[in-house]
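Below you'll find the structure I mean.
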């Protein structure tokens, strides 16, 4: 700590009584992703201390979910993480199905897996676009968000809504694939794969991106596990852990999920990690589509609006594009959940790593650092 | 009196061309991003709207700073020969032009610093550091041309390249043109070197507190700066044209190159930008200088 | 080396801790407040190094808070729910910030929503709510509907 | 595809987009042409439509709605003197989840593919009246007017929510 | 350019200025709620509202229109009011989604307001639990027509009804009355300067 620039700067500051001033990298800032803020105490352009200013998106989900029926929470749950809504629905339903000790039909499992992977694709596209915009490459953001729209069209066709699908319910899914949907899904996947070459040329082989992101926000292999990072951030630091392989749910036991890891742990490795996982997700959807069985898409749990879950508790984990989304559901045997606790993947990255990385960083890298860690403020505040 | 009308006419012409280039530039960037993009006259609409808005000022230094920045740029424009003739009969000395250009940027810096927003002060410090960065390679290239032509008057340098493309300075000194092109990217504040107005880092830098008429003045300043910088490049390297139309066309070619580079490159951090400017274009310019001297 | 669930249950029973086998890879453990720290240190030593998160459940009719420490092991692929019961009127529990640093924010959040005091946690300032003077909102006796009607004028229909 | 190493020229290959046709959907003039039916998806969850003579006013939709967005309003009396009630959807609460359509026993309540509904400020109104004005204008009684373009249409027979 | 013809009560200059304002609306780059995830698709290549001249700007000083997309929590409301007051005239507010009308799906939450129009004047309120890009473009088109016909004047209401808005803002943003001892402490509606001003 002694030789770090900010320590020396604070020494100089005392000598020349430079004042440490407060800069609000606050909620209204083009570089900020979502409605979140850091209060940065700075000298010149070097950050000396950081205080997270969370809570702008706090809606008290856990309190609201205690007052609604089991099935009514499905309309509330996807709103927790806007970029990647499906893992919330699947995690909530898996937790209920764990307590009920029921196994949903195979086709429902595959439908859930396909919506999860499509939501993962759309979230990766948005993440890469946000990273490109943070360092100024608006062309990449424009084209990636337009491609993400193609996936939202597919969601609209499958579930009836663009972003909040409310597609899986306890016991299965609400409706089946429309005819012509699978052909269009194949077409979109081929288009995305073709477009990937263009993204490589534009973003990942761009020398200035390498210069800007190299060495930014380094997380070592052990620290990543110790700090509780999950998902692409964990795998970019060299840990081969993926919830879809370690604790499989939905249709992942039937599919071989290839876990991609890289040594490196800095912002550039995380960006390349997201790009490689994007490519792997496309192939995973193709494999899932090939081996999708026919059959029932819902279990008959009687009248869902009068569903009574027996007394008990369960913790269900889902691998979202940002990390491990966990739902801890406690039921006292009533018509309404007694307690639903949500574990958002961005809390360790957004609040803890901010204390670790920001104090020695310059103001120009805060936006790129935040985009590389794919910090999604709604799942910090819930 | 006639000179006053000519000066006013030239200023309007420069502002018109600058805004036109900005509008077409936004359209081209939009087409690279596969989208439709705004109409080419969008910059005029923006300036029209900005001047119709209430604007909030913090102190008189901010008002004067903005006026000074526009006046600085307009005065620079008067000394740049447009297709051979100029607003007022003076010597178009290259060193005088570069000195005057600094005044424009200092005016903007003064206004931004007076606005009291920390983002603005960081933006100002970046703008001045960037100025430090791009002036050294640009001067070296000009030094080479001045030594080669034996005169520092832009008009004579332009006339020395008359006749056919073959004896344009761009063809005679390709390295010098390449170094000046990279430096021009920084002078105009385009993408790889646009750390001073980086929205994602310091919320559009110096222009943070500018609203309404002040932002209108900033737009006009940027428009005139486009006209001036491309004008200098055309006179130095593409043998300032015989009539105004070909002059504007050549100016657009130079602006097109900067726009194409801006569309596909992210921005450097400020210290990376200065390090890049002092190594890559600087070395090319020194090689060019050596070729000229030997 | 990878232990399966039975050997982990066996290990925990030796430590004198009663274990509930919930699901194929999930077990729950009830521990006392005072041996929470060394229980977690023990778990961490045998390979449970990922703290998923901490949350609290308000059992108002039993007058107790139940704090659940979710721990996961990447090697054994087992999830352990460590449950601690503390009384509701003076809810105090030692902090585990020196075991996992991210627990600092989970504890700040729980303190804000349940009013549980974590001894040894240097900064329990509110994280999400601004100048909140009511009882901590996630407690069962806080009625959010009535609050929303009184403050924001929401319409109650049924 | 393996990731190539970095080079200055690779981003410049993207300039070929200049010669491609822009992919913008010029919304007011063109609409989305992705689905079998132009515009939004064939099962889009938009504003509600209700077949008033099929609707028996049972209130099932009111009970399932997670956010109390549906209110049964009495609109008259039938011969036996019992009040006829029809659902009124408050679009200030509705989350367009479609549960009400899933549990409708007579499959009269459906969701159309229309989604445009907005309320403009009224210059003459004061702020207090404006608040009530907006709240009232967002409470709509779905009827056959949007019925020409049906989107999400399931009904209790499909036993989605049991 | 058919909208340039001077209609009866407005002079030609007014029409020209409104035409400029209509064709170059600058929106504030601030995503207040969850509806903001539909703004990037509208701003980028597929729906592209920049063809109407609508561009996201960094600070309230440069912005014309404030898009309040979705629910507004108490902390966000404080920032929205501060930003709204920082924006120079003429300014407009678009409220997207059901959460700004009657609380939306968080109507019973202790941290989100139910109706935005009680705190700042709103020009257009759009329905949808997250209006899709076409609805966003349609709302912006309506705003452009309102500006051209001079109808978009909600910002004048902020001055006229300032005490109504101020009372609501203070009621919500000041400390809420504690329930712990709420039986005898006065409810916040009586506006008595209690000992809350800590």
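The chains carry the letters A, B, C, D and E, assigned in the order they are written, with residues numbered from 1 in each.
Everything below uses one rule, namely that contacts are C-beta pairs under 8 Å (C-beta built on N, C-alpha and C of every residue); 3 or more make two chains touch, one makes a residue touch a chain.
In this text the structure is predicted, and so the values were computed from the model without any measurement.
Colleague: Which contact partners do chain C and chain E have in common?
Modeller: Under the touch definition, chain C and chain E have A, D as mutual neighbours.
Colleague: Which chains are shared contacts of chain A and chain E?
Modeller: Common neighbours, chain A/chain E: B, C, D.
Colleague: Centre of all protein Cα atoms: which chain's centre is nearest to it?
Modeller: Nearest to the common C-alpha centre lies chain A.
Colleague: Averaging over Cα atoms per chain, report the distance between chain D and chain E in Å.
Modeller: 22
Colleague: At what distance in angstrom does the C-alpha mean of chain D lie from that of chain A?
Modeller: Each chain reduced to its C-alpha mean, chain A and chain D end up 27 Å apart.
Colleague: Can you work out the whole-Å distance between the CA centroids of chain B and chain C?
Modeller: Computed value for the inter-centroid distance: 60 Å.
Colleague: Taking the mean of the CA coordinates per chain, how far is chain C from chain D in Å?
Modeller: Chain centres of chain C and chain D, defined by C-alpha means, are spaced 40 Å apart.
Colleague: Multi-chain contacts only, two chains or more: what residues does chain E have there?
Modeller: 29, 44-48, 51, 58-59, 75, 102-103, 105, 107-112, 115, 118, 129, 132
Colleague: Chain A: which residues touch two or more other chains?
Modeller: As it turns out, chain A has residues touching two or more other chains at 29-30, 55, 58, 60, 63-64, 67, 75-76, 139, 142-143, 146, 164, 202, 206, 209.
Colleague: Quick check on chain B: which residues sit in contact with 2+ other chains?
Modeller: 30, 32-37, 199, 203-204, 263-265
Colleague: Name the touching chain pairs, would you?
Modeller: The list of touching pairs comes to A-B, A-C, A-D, A-E, B-D, B-E, C-D, C-E, D-E.
Colleague: Going by the contact rule at the top, pick out the chain B residues touching chain D in the complex.
Modeller: Per the touch definition, chain B meets chain D at residues 28, 30-37, 260, 263-265.
Colleague: Quick check: in the complex, which residue numbers of chain C touch chain D?
Modeller: Checking each residue of chain C against chain D gives 156-158.
Colleague: Which residues of chain E touch chain A in the complex?
Modeller: Residue list for chain E touching chain A: 28-34, 36-38, 40-41, 44-47, 56, 58-60, 71, 73, 75-76, 79, 83, 105-106, 108-112, 129-130, 132.
Colleague: Within the complex, which stretch of chain E touches chain C?
Modeller: Those in contact with chain C are residues 74-75, 78, 102-103, 107-115, 118, 171-172, 175-180, 187-188, 196.
Colleague: Looking at the complex, which residues from chain B come into contact with chain E?
Modeller: Interface residues on the chain B side: 26, 30, 33-39, 42, 45-46, 48-49, 52-56, 199, 203-204, 207-212, 215.
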